[in-house]
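Presented below are the structures under discussion, each in the form of structure tokens.
Each of the two complexes below includes chain A, the first together with chain B, the second together with chain C.
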Partner chain A sequence: MKLDTSGFETSMPVIGFGSNSEMLDGVSSVPSFDLPRTTDFDGFQKKSVEMVKPAKGTTTLAFIFKEGVMVAADSRASMGGYISSQSVKKIIEINPYMLGTMAGGAADCQFWHRNLGIKCRLHELANKRRISVSGASKLLANMLYSYRGMGLSVGTMIAGWDETGPGLYYVDNEGGRLKGDRFSVGSGSPYAYGVLDSGYKFDMSIEEASELARRSIYHATFRDGASGGVASVYHVGPQGWTKLSGDDVGELHYHYYPVAPATAEHVMEEAA
Partner chain B sequence: MSIFEYNGSAVVAMVGKNCFAIASDRRLGVQLQTIATDFQRISKIHDHLFIGLSGLATDVQTLYQRLVFRHKLYQLREERDMKPETFASLVSAILYEKRFGPYLCQPVIAGLGDDNKPFICTMDSIGAKELAKDFVVSGTASESLYGACEAMFKPDMEAEELFETISQALLSSVDRDCLSGWGGHVYVVTPDEIKEKILKGRMD
Partner chain C sequence: MECVFGLVGNGFAIVAADTSAVHSILLHKNNEDKIMVLDSHKLIAASGEPGDRVQFTEYVQKNVSLYQFRNGLPLTTSAAANFTRGELATALRKNPYSVNILMAGYDKEAGASLYYIDYIATLHKVDKGAFGYGSYFSLSTMDRHYRSDMTVEEAIELVDKCILEIRSRLVIAPPNFVIKIVDKDGAREYGWRLSVNDVTTAAV
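What follows is the complex of A and B.
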């Protein structure tokens, strides 16, 4: 895949960038980038990135354990303070044995995951075998890298089962790609990590792992304002993925912490 | 997010037949993180006068303490409780004193005046009074609250029905707001008694 090197070529000479323009004489011998004309270069860069970067208001998590990969997410979409939806599907089914999670811009995640699904299918047809999780995540990461700096907002985890066993990769809009055992992405991720890390064991059964995932999402929705709705839990095993549960977190709260009936201070007795 | 949305809040007051109800959410947050789920936003000034304050939590607490102080002085001097209309003017004056460095809160005042006639009003952060005959709202969920109250309100409701209406309006509105909710606190006040209830809401 040809790396996009257009950033290294400048059509105009570098002006006022620490060297004399007469000496360069219109010919730049050092590779350089087009720079914005501003006095506060660092601040300007930061401000423009912050302006286009929508906050990743969500909680998603995934972890590898003995029986495969457990993937869970909330279902709230927020626009600033307003809740635009409580029923967004944040776990995207790329193909019957691979799942992607959505954090960041909804349109970006939906489009690029579908695009990834197309590329995976083309790979299958061209090579007569399924693509590995490593390969699929690499395809996505390379696609996102070429759009780096253009304001895409994608923080996704690719979870699947291939010939080497369970696979989990984190891929984001900066072009980063990390292989790992446990990830949580989104504004609610610190809260989810707290519960997930303290309860995690590699040797868990599917029920224990799904309960851990559900509980982590629930705790994140409790503390984080931008997460809520329904906690969905999926499991990826050797036969592909299955949806295990989708519980409303409003009800989960009272399931985990039932309201104790208030003790009456004075009880009226029946007159004998 | 603006400074009014730093802590998150929702307050609503409604008028019924010789009674009123005032309700608020219970969340205290720091932007998106929830810190507490039992924050008191509505406070009693006297048995027939309540004030609910939305906005920056520190100003909510300070302003409440100042208003209680002023009302206690009034009680000592006048040997009676303040009428709701008078109290509203007092709050408005206190807020305007800080015109160029305001308290960052929006009060909702609800009380029973002469002949037990219910009185409600709201103000912006520099004291502009807005009297209403039916309901007043404030907080980060105010737009949703306006919609819900407009749809659910009927004039001359009795205390029981008023409680149901205000609770439903509050819960459905905060369910559309990331920054408020996590339970509800409702006071229904009639000439004879004050009923205080905590609502079981979505905790997300």
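What follows is the complex of A and C.
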């Protein structure tokens, strides 16, 4: 659509080539700005916003079991088809007993989790007791709700241990907040759910649970192009969180499916 | 995809809602309680966008409690319904809430009542109402079998008929439902209708 730019043309002749040029130097050029070279002027801005907005290309998961909460995530950041980083920290340490996972916009998640950490600390100072996981997730959900429709992209899980025991909440940029026992968020989440749901039991030891979490992340990274890098696994117990492992998923693949030397059916003979 | 429906019987009102929390193709949770107890004798069954549903119903609940604290008297169901509709209408042309609500309540003078409030602030006092894709199946079932003097057992039979119809005819039917009732003894949970039991114990 050819834009009608006749409004930018001025009928006033530009005086000042030659004499009196010093006086008119400042006003010699007609005020104008470059228009973007595109056929679709109205739509290009929306398209550029869509391009930079990440589509939650990640796999994160968390589940509650007998010994607390297990939290795991991959570490790949992608911009469309380009892998921008294989070493992103997607499990954010809000405070020593609460973790948040990152899916969606990295900047949004990091900023709002940091902000949540500040609010939690202020709550502790004002009330002389730690904030509950329910309270922390409600603070985050209310904050995100007040920004709804403005383009924030946050799909996070808040996992922690408070007076009532282990707690796990899913919070997203639409202001939704769900309490649950098992969640997985991101483009690889359906794949992770498949492994997580079939292997889950409430009565698991910490080793079994961490193995289940690691396996679920690995299977998701295998099938989902936007997930990969390193599978990190954290455990939240009554004393707070600890990082259990961080394994490269490429190496995990050969650990789970080692290459077996195939028996040769036909052996090529050297031509004598 | 979210199915909410309800009806008024002889001195009681029943509402049923599905309990799935869905995000695109993923079912995050199948035991999410979407029927909020507003006060001792009122229920709000809400369906709509995740953030709006919880935030708006909690807002209504807190304001209803505030009225009771300030004035020493609870609001009637009609007053609460009109307040809710007013809030939706005020927000409609600036920052609309995408929530559909069925409000059920019991008052001593008015008896049991059911109010249909949709996302563009329509308000109707009804005998039976429904929202969502499930409404296509439950409304006609209720129209056919409903009578105004039903007992609780007959009403629950009708609710189960509607749930069965939704489960058998809706292509992506929600697996589980929760049923709540309000009568002169108050608002309380009646039961759940589960077709998919989660591995863990239900933690709502």
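In this text, the second predicted complex is superposed on the first by the 210 of 272 C-alpha atoms of A that agree within 3 Å, B and C clash if a C-alpha of one lies under 4 Å from a C-alpha of the other, contacts with A are read in each partner's own complex, and residues count from 1 in each chain.
Just so it is clear, contacts are C-beta pairs under 8 Å (C-beta built on N, C-alpha and C of every residue); 3 or more make two chains touch, one makes a residue touch a chain.
Since the structure is predicted, the reported quantities are computational estimates derived from the model, not experimental observations.
Novice: On chain A, do chain B and chain C fit together or clash when superposed?
Specialist: On the shared chain A, the partners fit.
Novice: Look at A:K243 in the shared chain and tell me whether it touches chain B only, chain C only, both, or neither; answer first, second, both or neither.
Specialist: Neither: A:K243 stays clear of chain B and chain C.
Novice: Based on the superposed arrangement, let me know which partner A:K66 touches: chain B (first), chain C (second), both, or neither?
Specialist: neither
Novice: Just to be sure I read the superposition right, which of the two partners does A:Y193 touch: chain B = first, chain C = second, or both, or neither?
Specialist: Once the two structures are laid over each other on A, A:Y193 reaches chain C alone.
Novice: Determine, under the contact definition given at the top, whether A:A141 touches first (chain B), second (chain C), both, or neither.
Specialist: second
Novice: First (chain B), second (chain C), both or neither: which does A:R114 touch?
Specialist: neither
Novice: By the touch definition at the top of the document, which applies to A:K47: first (chain B), second (chain C), both, or neither?
Specialist: In the superposition, A:K47 contacts neither chain B nor chain C.
Novice: After the superposition on A, what does A:I83 contact: first (chain B), second (chain C), both or neither?
Specialist: first
Novice: Closest pair of CA atoms, one in chain B and one in chain C, after superposing: how far apart in Å?
Specialist: 15
Novice: Which chain C residues qualify as touching chain A in the complex?
Specialist: On the chain C side, the touching residues are 21, 23, 25-26, 28-29, 32, 49-52, 54-55, 198-201, 203-204.
Novice: Help me check something: in the complex, which residues belonging to chain A touch chain B?
Specialist: 57, 74, 76, 78, 80-83, 86, 187, 221-229, 249-250, 253-254, 259
Novice: Of all residues in chain B, which touch chain A in the complex?
Specialist: Counting only chain B, the residues touching chain A are 1, 5, 8, 29, 31-34, 140, 175-179, 200-204.
Novice: For chain A, which residues are in contact with chain C within the complex?
Specialist: So the residues of chain A touching chain C come out as 64, 141-142, 144-145, 148, 170, 172, 174-183, 189-190, 193, 197, 200-202.
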